[in-house]
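Presented sequentially are two complexes of subunit A, the first with subunit B as partner and the second with subunit C.
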Partner chain A sequence: MTDGSSTADGASTEAPSAGRSRPGGRVSSGFGRYLFKHVGGAAVSLLLVLFSSFFIFRLIAGDPIDQLTRERPVSPEERAAMRAELGLDQPMWQQFWDYITGTLTMDLGESFQYRRPIFDLIVERLPATLILSGTGMVLAVVLGFWIGTRAGWKQGTRFDKGHVATGLLLYSAPTFWLGMIIILVFARYLGLFPVNGMRSPSTPPDFWSQAADIGYHLVLPVLTYTAVVYAGYLMIMRSSLLDEIGSDYLTTARAKGLRDDEVRRKHAVPNALLPTVTLVFLALGGVVNGSIVTETVFSWPGLGSLFVQSIFYPDRPVLQALFVLFSSSTILAVLGAEILYWFIDPRIRRSG
Partner chain B sequence: MNPHALMRRCLSAAAALLLSAGALAVAAPSAAAQENDTDSLLIATDQEVDTFNPFKRRFVITYNTSLMTYETLVRMGADYEPEPGLATEWEESEDGLTWTFTIREGVEWSDGEPLTAQDVAYTYGLLIENQAIRDWNIDFAGNLVSAEAPDDTTFVLTLAQPSPWDVLTREVFVVPEHVWSTYPDPSADDANQLPLVGSGPFQVTEYETGEFITLEANEGYWDGAPGFDEVVFDYYEESDAAVAALEAGEVDIVSGLNPAQIGALEGQDGITVNNAQGRRYVSLTINYNSVTKDGTEFGDGHPALKDPIVRQAMHMAIDKQELVDTVLDGNGQPATSIIPEIFEQYHWDGGDAVLDFDIEAANALLDEAGYVRGDDGIRTMPGTGEPLSFRFYQHADSTDYATIAQFVSEWWAELGLEITPEAIEQGTLNDLAYLGEFDIAFSGWGVGPNPTEQLGMHTCAVLPTLTDGTERSSENNYCNAEFDALHEQQKVESDPEARAELVREQQRLMYEDTPVIYLYYQNVLEAYNSDKITGMTMQPSEGGMITGQQGYAWAYVTAQPADAEDEGGTPMWVWIAVAAAVVVVAAGAIVFVLQRRKTADERE
Partner chain C sequence: MSSEARSSNEEPSSGSAPSSAAPVRGEKSLTARDLRVEFGLPGGRVARAVDGVDLDVAPGEIVALAGESGCGKTTLARTLLGLERSTGGTVAFGGEPLRYSTKALKAYRRQVQLVLQDPSGALNPRHTVYDAVAEGLRIHGITDDEPGRVADALSRAGLRPPEQFFLAYPHELSGGQRQRVVIAGALVLRPSILIADEPVASLDASVRGEILALLLRLKEEQGLGALVITHDLGLAWSIADRIAIMYLGRIVEQGPVEQVLTAPRHPYTRALVSVLPGAPALKEAVPEPIVLAGELPDASRIPGGCRFRPRCQEVAAGRAAEVLHRCESEDLEILGPESAPHLVACHLDRARREDARDGGARMAV
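Right after this comes the complex of A and B.
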């Protein structure tokens, strides 16, 4: 334990030093400096994530061996053999060093529960997550923006009120509960869709059969996922549009004789889009994280359900790797948004 | 744009979609029937595969796949009696050190090669010579001296110490030498590659993490080909989803249910609920003897707990039947000892020695022993005057334990004990328990058919040698020389009845010493699709369980497909519905765009 805290101090002194090196580089052009600043910030965040991931999951108490030997009496020799195999007999600094060097070289170690390389596990499960949250995210963004724009434009109408109410109701519904209700209605009682999983074991292995089967299994999870998150985009789009709605340039556009539709599409929406860019980029980062709850309810074999299983286990190496993966995808997505801002928002260019 | 018009359009498009989907759904069953002529037995599971290596598996799921893929020399019968498996007969030498098995003739591996005594000798040889495999199985392998096959049907095993029950009940899964000898490291977790080659009724052929494990029937199985063509373990992370899948006919066997789920399933057409005696006990461990082998005390258990009178009084103040009724909804039995009722040959039911629930008598016991009540009603220890104030730890993830803790705390409060219940996360609780830093804590184990395993966790021999709580071999640091003597005797007693007598005597001793209070034995709650499956052999055969069988997969091997329609694969209507949806959406979009164009001018 003392080992652990001394290394923890080591980590926290090291991280700012990485930040301190920032001003050292001298970059002349405005964009260069802007880019450097944000890339540097992202790098510091990544390092902090990398270091903290090691310690966060060591806070989960308990001996991993207890899980491996559940319901079975074991001798101390067996215990020792397991410790050695999982690398738990190594001193803390050695484990830390292995973790850092391993993560940087994409050798993420072995999972306690699966006894397989974590890298393989992630590669195996990533497509499932991308399919589910990718589809859900696109639907949610399109739906949210589409309804949000119209609701904002016609603020106070029944269309507006109805959609805001429905959206918020679904937004506040617990995903778990909503998923169960959807399962009960569409799978259990109507029998239209499968309850669970990504495909059935009896589906022929050829591409088209597999694709159709996955599409068939995808409907309910995507429905759940989209229903829960689309309201977020709806509300942001709606309020951004409301900010613009009284602006003089819109009056000017109308005065030019443009149709209402065109005023909205060509003038109001582009200006209202700015705040939502961040949201979309965050969403892109979130595609990797998947939807932990939706995946769990539907036993969708993605990274989210892997994360949940690993927490219950607790499968420390997997948690570490996923935490780093999830955080870095978000960090990189935000970085992407910041870089994009430079091009789409003139104010940033001016303030340099 | 007029919002009402938009709403109407959206609604009519949605209605069109639903109508077409609905119409197709009606037509679905007829289209689905043609697809599939494989009889699959689908079992819901939520546990991941650690390794298919039968020497190293740790999880219940891989125990089950090993049990079906491979076989043992001696099989565990449906009523937990040893019966011939790969060995047709066996003989123990006079000194108990040499065992001679006759290996069944005509058995083939699933790849068609013959199984001989050489394969058996190779398998036991791995336990003796492969260091890693030996370490993993040291409690059994440490006692093995040699494994030889003088001819194709004879296998001779030599032991260091007599140990008949370990030899008969220890599951050593016999592996094919012609396959395993080609593996670079037979002890590796990924040693054996799919499809597995075994001699059992089903072999693992396919595994997708988090999705399914498929086992194909061994058509040439020496004991007759199984009724189903394949067994599939299908992943359901949520048990409510698994129940819905059972109701929808997507999965055939669901286990680990709670009383509410059982209640909802009971009486449904085509679903049979199996409420069977279980192998699991729930108990309260009392920290009365945190001491190492050489006598060093550790931890901070309350000194009053060292007094057996206090422990017995606490035991008497628990109404176990009430706990079964309220916590388990009646699905269990009050417990007396470490061996559950399901193993009736070994279970000790207490007879006249059972302490009945009697708070008054318990109070009298404490009064007599000099634990007087203070002004606040809390008893104090004679001499030191320390109040009887105990920490009571429960696992935070169990609502059952929370209810029990509430009941028991109230009963104990009536004894004049001050109880502080606390819910603690499982890992932390284990750490504290093995460090001896608690007073009373919950525990529970699933018990196997060989009582030596559980009893062995209560001998002086497994007391810790260190005080850091890392060894974790002793369940509660129980140490009683008389108990140990009985334990050594029962381990070598070949006569089943004489052995059972010794085992019962061990349980009686533990009941008197009360290091642990056994609360109840929990039933196994499971349900299956009885329209699809018939003829499953339960374990035990009368009123026994389906999942959680030991020593042989009786239920899955004996299950026969009843004639009911098959469902599986992607129904034909999905293809049609997808096409229809695309058409509807495309048409809707075109109409929408056209309308917009047309009315745009009018709207201004």
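Right after this comes the complex of A and C.
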């Protein structure tokens, strides 16, 4: 420290270096480096996913011709013809090359089971998944954070203990089991909601009737999805807030005259939310893969149930494409979180 | 402050005309009378963290509150700030007892501000220096000339030119600069009293002097009063006008800092002074280091009689044999807040002084 020389007037302290350079170019170039680093990392992960997806499903799925022709006697000529049709007669490197270039140009190949372009299948089923897990995730995050904040702020109270216990109980319940219980109670016994599917065939085709019908079908799957995952957000938010609660800056704010609920709202919660940003972005990435189990239990026509069908078939090109899609949505979501941190956490700007 | 000035039992001692340099008592001084803070512990025990304390802090004086960790000094500070509710006794500002309604507390907190030990924790890491300092103004709805007031507070805290610091974040500053920001955040409301809990304990030795010099300057130039809580008697010696030594929830010796530290009379103060490193002026009073036996007792098990007795070196050495029955059974009264006399809560000290007076009287006869 050079500012300790003249202590008498106490006014000789240096201005912070970062303060001097602002708003000059250093900050933006710092951001450039930060962005480059994280985008580069994400790109490497994406490539690894792309490569491994090709091999993983070739290892586990066996010979697709056997699967396609099961319980039917087929002549070797027919097999060869099918092989040629599916492009399986090509050498491995050629298949690999076609797969890479195809995926990068959005030509994902054709499904074995549906004999249709996989791209069309995904586009068709994506909205259903987004509606279900998007709604469920938003509810789970809002509910979890809201309860978690209150539970953490009043740690040890009956509210805190009750909600932690309930949340963990639901969190540890298997999704398929909870889904079936919910179907039994609300659909079978009470008859309040439909058992499965996304819409009834008898609904008029106009937008509002369709929307109301989908909303009606949505209640039970969303309830299941939210009930299972909200406790995760509750616990993270609660412990993140507990980390902040002992902080001196809360005492300082109180001593300056800030009311307790304002201390929570203005200081504790914003800072406690910081570590949860990654979690929320991971959840955003997870919206695409949705909830495989929930979709299956409720026969929800989304990507999750497509994935399960493809495993049972097994429909290798679809599995391959969905694997890439699910993984890359998560990778991109994490990248989004990293970039956001630059703007919301000033401490990152220094360390890069 | 509310307009209806409530008359309290305590007569503000503002009648005694203060000399120009002397602290201004009364109107803006912080007073504690028989202050008690008890905490319920599991198992029905009660910890008496603060167990009857009388203390005055007036604008223009620095009072040091010293004692080992766990003696209740931080609880006392938090209670004086209204962050903790007292279970007995009163905290009063300007003679008006502190009320715990949101409004009354808010008004009170414009007058009495807090500075904490660790400036890294005391600042919100996501707020700029400007936001940190301006927060007090915003809380209290002071909207005119906010940048000017923030700049003024920063420069009074020794951060000049203040504009250079406006957009800096705490992590971009040194420890000393951070503590100056914390102090500026307290000064911006132009309080009369600052309560500083170990204000330099977490700072580098080279920066400590600066922060202490800053406190002294604020006292002398702006008439700020400060209660500085510390376990470091050397620090108290260098900045305080008065000192109160706290042991297990109660003040055991109180008076002008020169008297208390150069001629300590309570065995506990003597022990503290005796182990002070490198302070020759203070060493004369107690040349041999005294190491206290045992640990500070639990605040839920405060010994009856004199609370220091189990660890007292005078008792251990048998020098207190004559008054031992009083040490064991007779509670000591709470020391008054008067600053001028040097007050000690010790049976042995009392007996010795009575002897001396009697002896003097006999000789005179």
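By our rule, the second predicted complex is superposed on the first by the 323 of 352 C-alpha atoms of A that agree within 3 Å, B and C clash if a C-alpha of one lies under 4 Å from a C-alpha of the other, contacts with A are read in each partner's own complex, and residues count from 1 in each chain.
Just so we're on the same page, a contact is a pair of C-beta atoms (placed from the backbone, for glycine too) under 8 Å apart; a residue touches a chain by one contact, two chains touch by 3 or more.
For clarity, every value in this text was computed on a predicted model and none was experimentally measured.
Within the superposed three-chain model, A:Leu59 lies out of touch with both subunit B and subunit C [touch as defined at top]. When both complexes are overlaid on chain A, the residue A:Pro270 reaches subunit C alone and has no touch with subunit B.
Within the superposed three-chain arrangement, the count of touched residues of subunit A is higher for B, of the candidates subunit B and subunit C.
In the superposed model, A:Met106 makes contact with neither subunit B nor subunit C.
Of the two partner chains, subunit B is the only one that A:Arg79 touches; subunit C does not reach it. Using the contact criterion defined above for the overlaid structures, shared-chain residue A:Ala212 touches subunit B, although it does not reach subunit C. Once chain A of one complex is fitted onto chain A of the other, the partner contacts of A:Ala255 are limited to subunit C, with no touch recorded for subunit B.
The residues of subunit A shared by its contacts with subunit B and with subunit C are 259. Interface residues of subunit C, counted against subunit A in their complex, comprise 81, 83, 102, 105-106, 109-110, 113-114, 116-118, 121-126, 128, 135-136, 139-140, 155, 158-161, 164-169, 171-174, 176-177, 180, 182, 185-186, 189, 204, 206-207, 209-211, 213-214, 217. Residues 1, 3-4, 6-7, 21, 25, 28, 35-36, 38, 40, 48-51, 58, 60, 132, 135-139, 142, 189-190, 206, 208-212, 214, 232, 234-238, 240-242, 244-245, 247-248, 250, 425-428, 430-431, 445-446, 453-454, 456-457, 470-473, 568-570, 574-575, 578, 596, 600-601, 603-604 of subunit B touch subunit A in their complex.
Of all residues in subunit A, only 60-63, 65-66, 68-81, 113-116, 121, 124-125, 150, 154, 157-160, 162, 180, 183-184, 187-188, 190-192, 194-204, 209, 212-213, 215-216, 259-261, 296-299, 301, 305-306, 308-309, 314 touch subunit B in the complex they form.
Looking at the complex, you find that subunit A touches subunit C at residues 1, 3-4, 7-20, 22, 247-249, 251-259, 267, 270-271, 274, 344-347, 350.
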